[in-house]
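Below are two complexes that have chain A in common, paired first with chain B and then with chain C.
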Partner chain A sequence: MNGSKLKRFLKKNLGGWLIMLPSILLFIFFIWGPLLSNISLSFFESIGYDRGAFTGFENYREVFADPVFSKAFFNTLKYTFWSLLLGFGIPIILALLLSELVHAKGFFRSAIYFPNIIPGLATILLWTFLFDPSQGGVLNAILDIFNLGPFPWLNDPDLAIPLIVLTMTWKGAGATTLIYLASLQNVSDVYYEAARIDGASLWQRIRHVTLPHLIPTVKTLFILQIIMVFQVFYEPLVMTDGGPNNASISLLQLIYRYAFQQGNAAKAAALGVLVALMLFALTFAYLKITNRGKKTS
Partner chain B sequence: MKRLLKKTQGLIVQFDYHKTRFKLLYIGILIFLSLALVVTIFPPVWLILSSFKSAREIYQVPFTLWPDSLDFSKVSDVWNMLDFSKYYVNSIIVTLGAVLTSIVFNGLLAYAISIIKPAGYKIVFALVMASLMIPPILNMGTLFNYIVKLNMINSLLPLALLFGANPFYFILFKTYFDSLPEALFEAARIDGANRLQVFTMIVLPLSKPILAVVSIFTLTAAWSDFLLPFLVLQSDSKQTVMVKIYQLYNDMGTSMGFGPDSLLMVIAFSIVPPVILFFIFQRHITSTVATTGIRE
Partner chain C sequence: MKKIMLLLTVLLSIFTLAACGEEDDGRIEITVGMWPQPYLSEDVEMFEEWKRLFEADYPEYEIVPDPYTYSVDTFFPMAQSGTQPTIFQTWFTEPAKLIRNQFVRDISDEMEELGWYDKMDPYMKETLTFDGELYGVPRDAYGLGLVLNLNVLAEAGIVDDWDGDGVYDIHDADGNPRYPTTFEELADMSENITNTMDQYYDRDVAGMMVLSSNNNGGWQFSNMAWNFGAELQVQDSNGNWQANLDDPGAVATLEWIKEMRWEREALPESSSLSYGDWYNYIGTDRVAMAIAGNDALALPVTNFGMDKDNLAFVPIPEGPGGEQYSLFGGTPYMFSSHASDEQVLGALRFLEYMGRSPETTDISEQSMTLGRRTAEAKGMPILPELNPWDGEEYEAMVNRVDQQFINVNMDNFDPFYNSIESIRKTEAPHYSQEMYEILDSVIQQVLTNPDANPSALLSSANNTFQTQYMNDVND
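And then the complex of A and B:
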C-alpha cells in the first residue's frame, strides 16, 4: 500500500473506528474482558481475585467434586421444568383471550403487563412476605378463611423451586403475553373467514389457523425462556438463600457463593466458564431452530 | 354487548355472537381476565396498604386488607428516619447516567456499524452479537476485580457505564438505523458535515421513537439494578435504593425500630418511580414490548 492509498484508507475508516472506540472499550471492560479473564483464571489458583500458580483443570475437578454443584445443576433443570409447566402456557392463553377482547382492551393489556415494571428485588421481597410461613403470613391468613393450611411455603424443599418460579412468572408473564398478542394480531382475517365459511368450529379455528401461526413465536420464546431460567439468581438468593438445605440453589447463585462468600474466585471462574458453555449450547440450539423457522415460512 | 355484534376481526366475530353459546363464552373470557387482573394487582395493593399497618397487624389472623388507620405521617417518619433522600439521589444519578451512556455508546456503535461501516466493522458486529449470550453477572468475580483495580469501589460511575455496553439496546438502535434512508446522510456529508455531526444533527433527530424506547427500558433497568451496585457500593452514603432495601431486609431482625411494616413502606418507595413512569408511557411501553420482545 503506497502513501496516498494508505491516506485514503485511513480517511475513509478512521472516523468510523474513532466513533466506535469508546463503545468497544465499554464492551471490553464489562463483557469480553471479564469473560477472558474468567477463562484464564479458571486454570489458576486464585489469590484474592488475582491469579496465583497454574493448576490446570484442578478448579474444574473441584467444581465437579462439589456435591452442591450437581445439586445446583439439577435444580436448574427443575427450575426449567417448572417454568415451562407454570410459565409457558399462561401467556399464550392470556394473549388469546386478550386478542378477542372488545371491552377495555387497553386497560387489561396494561394491567397484565403491570408487574413487569416493578423492580426485581421489590417483587421478590413482596412475594417473600406473601409466602410467609407463619400462621399470619398473607397467603396462610387468606387460606385460613377457607380452613386450609397453614403451609410452610418456601421452607418446604419440594415447594421452594415451584414457588420461586411462580414469582418469576408473576413478574414476567405479562411481557411474554404482549409478544404473543402482537403475533396474534398479525393473523390475517382472511384465514379466519375462510375457516368460518367452511363451517369450522371455534376449536377447529384455533387448532388449524391460530396455533400454526403462533408456532414460530412459540419456538423462539421456548428457547429464550430456557436461557433465561438458566440465569436465575436473585430469586433464590433473596427468597431462600438457596435453601432449605440447598434445595433451591441455582448455578449463578453458586458462582456468587464461591466468589463472594467462600472467597474462591478461581472456582467461581471455572463454574462461570461451565455455565457460559451451557448458555452457548442453548443459544446455538435457539439459532438453529429460528433459522429453520425462517427458511420454511 | 352491542359491540360484540360489530366485531369483524379475530377468532370470534359478529356472526358467532348471534349465538348464546358465544355470548356466554365472552362473559367467561371477561371473568377469567378479571381474575388475572386480581392476581397481578393484588400483591402491590396489599404492599401499599400494609405498609400503613403496624407490625402486629400485618401478621394478624383473620386476614384484613385495609389498615386500621391510614396515618400518612408514617410515610415521612420512615423516610426521615432512614434519611432516604440520599439513596434516592444516588439511584437517580445512576439511572440518569445510565440513560445517557446507554443512548450515547450503544447509539454511536450502532450508527458506526449500521451507517458508516468502516473496514472490519463486521468483526465488531459479530462480537457484540456474541455478547448477547454472556450476561455480565456470569463473570461477576473478574468484573468486580476490574472495578477494584480501577479504584472505583463506592463509585456510581461503573454502574451507569454498564448500560453503555448492552447488546439488546444496540440491536434496537441498529435495526432502527438500518431503516433510515441512506441518501440523507450522503447529502449531509456532501454539505461538509463530519461523521459526528451527521449523528447529532441528522440521525438523532430522526430517531426519537427509538430514543424514547431505549430510554424507558434503561430507566427501569438501571433503577432496578441490584447485583453490581450491591457489590460495588459498600459505604452507606453511596448506596442506591435497591442496595439499601436489601441491607434493611437482611438486618430486619437485628435493628430496633425497623419492623416489617417499615420495610414494606420502603419497598413501596422503590416502586413509585417506575409506576409513575409506567402510567405516563404505558402505551409506548406495551407496544414496544410487543414488537421487540425486549422486556427491560
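And then the complex of A and C:
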C-alpha cells in the first residue's frame, strides 16, 4: 500500500476504526490476549503464569498420563448426558404447561424463575444440606419418618453426578422455561384456531403446531446447554470436591486443581486448550448436522 | 491529534510523579500479610503495639499492614502481579509449590546474619529447606495427636470427674488412662460410643472421624500408617526413591478404616471430610475423637463455642507392632520473591517484636506475653506451644510466659506434650501433597464402597504415584 492509498484508506475508514477501537482494545486485552497466551503457555514450563523453558507437548503428555484426566473427561460426558436427560425436557414441559395456564399465570412464572435469582453458591449449599448423608440430613430425616434410608446421596459415586445435575436443573430451568415461553407466545393464534376447526385434540395441537414452532429454539438451546454443562465447575467443587474418589470431578475442576492446588499453570493451560478443542468439535459437528438437516428438508 | 498526544503526555507525567511520591520519606517498607483483619479489633490493637515498638527501635523501617488470608485462588494472581506482602503466613502444604513458581525467596543469608539459622529446630528446618536453601520461619510447630471431646466421652460413661475439680479427667482415680492407647482400643471405644449415643440418647454421634479430602486425608493417613509400621517412601539399594504406598502397614491401616466404617459403623456418614470439619464435628458434639494438630486446638472453642475444659489431647495410639509417631510440621511465614535483603532483615526483626523469634530479649518476652494476654481475653484455651526454636534460655523464657497464662487442666494434655519429643517425625520427603491427594482418593473409595479391596487400591495408587511423580525424583 503506497502513501496515497494509505491516506485514502484512512480518510475513508478512520472514523469507523476509531469507533471500534475501544471494543477492539478491550477484546485484545480481556479475550484474545489471554486466549493466545494460554495457548502459548501450554507449550512451556510455567513459573507462576510466566513461560519458562519450552517443553513442546510435554504438558499435554502429562495431562493424558494423569488417570484423573480420563475420569474427568468421562464424568463431563456424564454431566452432559444427565443434564440432557433431566434438564432438557423439563423447561419445555414447564413452558407448555405455563402457556396453557389460565389462572395465576404470573405467579407460576415468577415461582419457576425464583431459583434463578438465588446466588449460585447459596443454592449449592442449600442442596448440600438437603443431601447430607448423616441421619440428621434434611432428606434423610424426612425419609426416616417413613422408615426409609439413610441414603448416602452425594457419597454414592453413582448418584453424585445425577444429583448435582438435579441441583443445576432446579436452579437453571426457570430461565430456559421463560425463553421457551417467549417463543411459544410468538406462535400466532391463527394456527391454533385452524387446528381446532379441523378437530385437532390438545396433543395434536402440541404435536403439529407448537413443537414445530419451538424447534429452532430447541436446537439453539440444545447446543448452548451442552457447551454450558461441559464447563460445569463450581457445583462439584463445592458439593463434593469432585469426590467420592473423583467420581464427580469435571474437566474444569481438574484445570482448577492443576492451576491452584498443584500450582502448575502450564498443565492447566494445556487442559484448557484440550477442552476448547472438544467444544469446537462438538459445535462443528452440531452445525454440520443441523445444516444437513436444513438442506435435505 | 498533536494536542491529544500532548495532553496524554502531561497526564502520564503527573501519574508517574504521583507514584514516585509514595516512597519519599526514605523508609524501607515492610508489608505484613499476617496482619489481622480489621474486624479482629483485639488482634489489630496487639499488632499496632508491636508496630509502634518496632518502629521506635528501627526508625529506618515502616511496617505497612496488609491483612491477607492465604488462599490458593488469590495468592497466584497476587504474586504474579508482584504485590504479595513482604512477609506472609501460609499453610504447611504450600512451600514446595510457592518455591517452584518463584513467588518466595531464600532467606538463609539473612537468618545466618541474625544468628537464627542454627537456633531453628532441626525438624522444622528440614521441612522448610529446599535444595539446601531455607525459605521460611515457622510461626509455631505442630504435632498430630488425638483430640478427645470429653463431653461425649462422659456421656458415654468413659470419663468422669474423678478428682472432683469440676473438669472431666482422662485418667481414672488410680491413674489409668481412660483414652485409647492402641488402635484396637480406639476402634472398640469408637464403636462403643457410637452405639451408646444411639441407644441411650438417640443421637447420631460418631466415635471417631477419618478425613478424606483436600489432601488432609492422605496427610493424616500417613501418620496412622507409620504407627502400623509402614514407610510410604523408601530408598532402594541404589539410593533411588520408591513409592511404597502398598506397604503391608498401609494396607492394614486402610483395612482398619474399612472395618471402622462398615463393620463397626463408628465413622460419620460423609466421605469427604477435610481439616475444616474436625472442629465443627468436635465443637458440636457430633464426633468423640478426631486427629488434629496441637496448634489448632482452640478452633472448636473459638468457632463453635465449645467449653475449653471439654477438650483433651493425647498421642495417636500405637499400632499393632507398638510403633507410635506424631507427624511434626509447622505453619510457616514466607517472604516475597520481590523483597530486598533489607526488607527480609526488617521483616525477620519484626518477628522478634511479635514474640516469634529465638531472641530472648525483654521485648521478645513482652511481645509473647501480650500475645497470650490477647488470646486469654478472647476466651481461647491457652496451651503450651511446641517450640520451633532451640536453646535453654529460649525455652526458659517460653515456660515463664506459659506458666502465667495456661488455663486448662494440663493433666488432660500432658500425654501428648510429654511424648511429642520422642515420637515426632517429619512427613515423607517427595511430592508429599501429590501423595496425599492420591491417598485421599483411596480412602474415599474405602469409605463409600463396602466391598473395596484395600490391598488392590493401594497397589494401584502406588503405581500411579511412582510413574507420575517418584520417577522424576530419581531422574
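Note that the second predicted complex is superposed on the first by the 254 of 297 C-alpha atoms of A that agree within 3 Å, B and C clash if a C-alpha of one lies under 4 Å from a C-alpha of the other, contacts with A are read in each partner's own complex, and residues count from 1 in each chain.
Just so it is clear, contacts are C-beta pairs under 8 Å (C-beta built on N, C-alpha and C of every residue); 3 or more make two chains touch, one makes a residue touch a chain.
As the structure is a computational prediction, the values presented were derived from the model and not from experiment.
Taken together in the superposed arrangement on chain A, chain B and chain C clash.
In the superposition on chain A, A:S250 makes contact with neither chain B nor chain C.
Contacts of A:N155 after superposition: chain C is touched, whereas chain B is not reached. By the touch criterion defined above, A:G136 lies against chain B and chain C together after alignment on the C-alpha atoms of chain A. Of the two partner chains placed by superposition, only chain B is touched by A:L35; chain C is not. When chain B and chain C are set side by side, the one touching more residues of chain A is B. When the shared chain is aligned, chain C comes close enough to touch A:P67, but chain B does not.
Touch criterion met: A:F260 reaches chain B and chain C at once. When both complexes are overlaid on chain A, the residue A:T80 reaches neither chain B nor chain C. When both complexes are overlaid on chain A, the residue A:P119 reaches chain B alone and has no touch with chain C.
When the shared chain is aligned, chain C comes close enough to touch A:D241, but chain B does not.
Note on the chain A alignment: of 149-157, 275-283 or 329-337, the part of chain C that runs into chain B is 275-283. Of the residues of chain A, those at positions 49-50, 132, 134-137, 259-260, 265 touch chain B in one of the two structures and chain C in the other. Within the complex formed with chain A, the chain C residues making contact are 72-73, 76, 79-80, 97-98, 100-103, 204, 212-215, 268-272, 274, 433-434, 437, 440-442, 444-445, 447-449, 464, 467-468.
If you check the complex, the residues on chain A that touch chain B are 9, 12-17, 19-20, 22-24, 26-27, 29-35, 37-38, 41, 49-50, 94, 96-103, 106, 108-122, 125-127, 129-130, 132, 134-138, 141-142, 144-145, 170, 172, 174-175, 178-179, 181-182, 189, 192, 196, 202, 205-206, 209-210, 224, 231, 233-234, 238, 252, 255-256, 258-260, 265, 268-269, 272, 275-276, 279-280, 283. Contacts from chain A toward chain C in the complex involve residues 46-50, 65-67, 132-137, 150, 152, 155-157, 240-241, 243-246, 259-263, 265. Chain B contributes residues 3-4, 7-13, 15-16, 22, 25-26, 29-30, 32-33, 36-37, 39-41, 43-44, 46-47, 50, 58-63, 101, 105-106, 108-109, 111-113, 116-121, 124, 127-128, 131-146, 148, 161-162, 164-165, 194-196, 199, 220, 223-224, 226-227, 231, 242, 245-246, 249, 260, 263-264, 267, 270-271, 274-275, 277-278, 282-283, 285-286, 289-291, 293, 295-296 to its touches with chain A in the complex.
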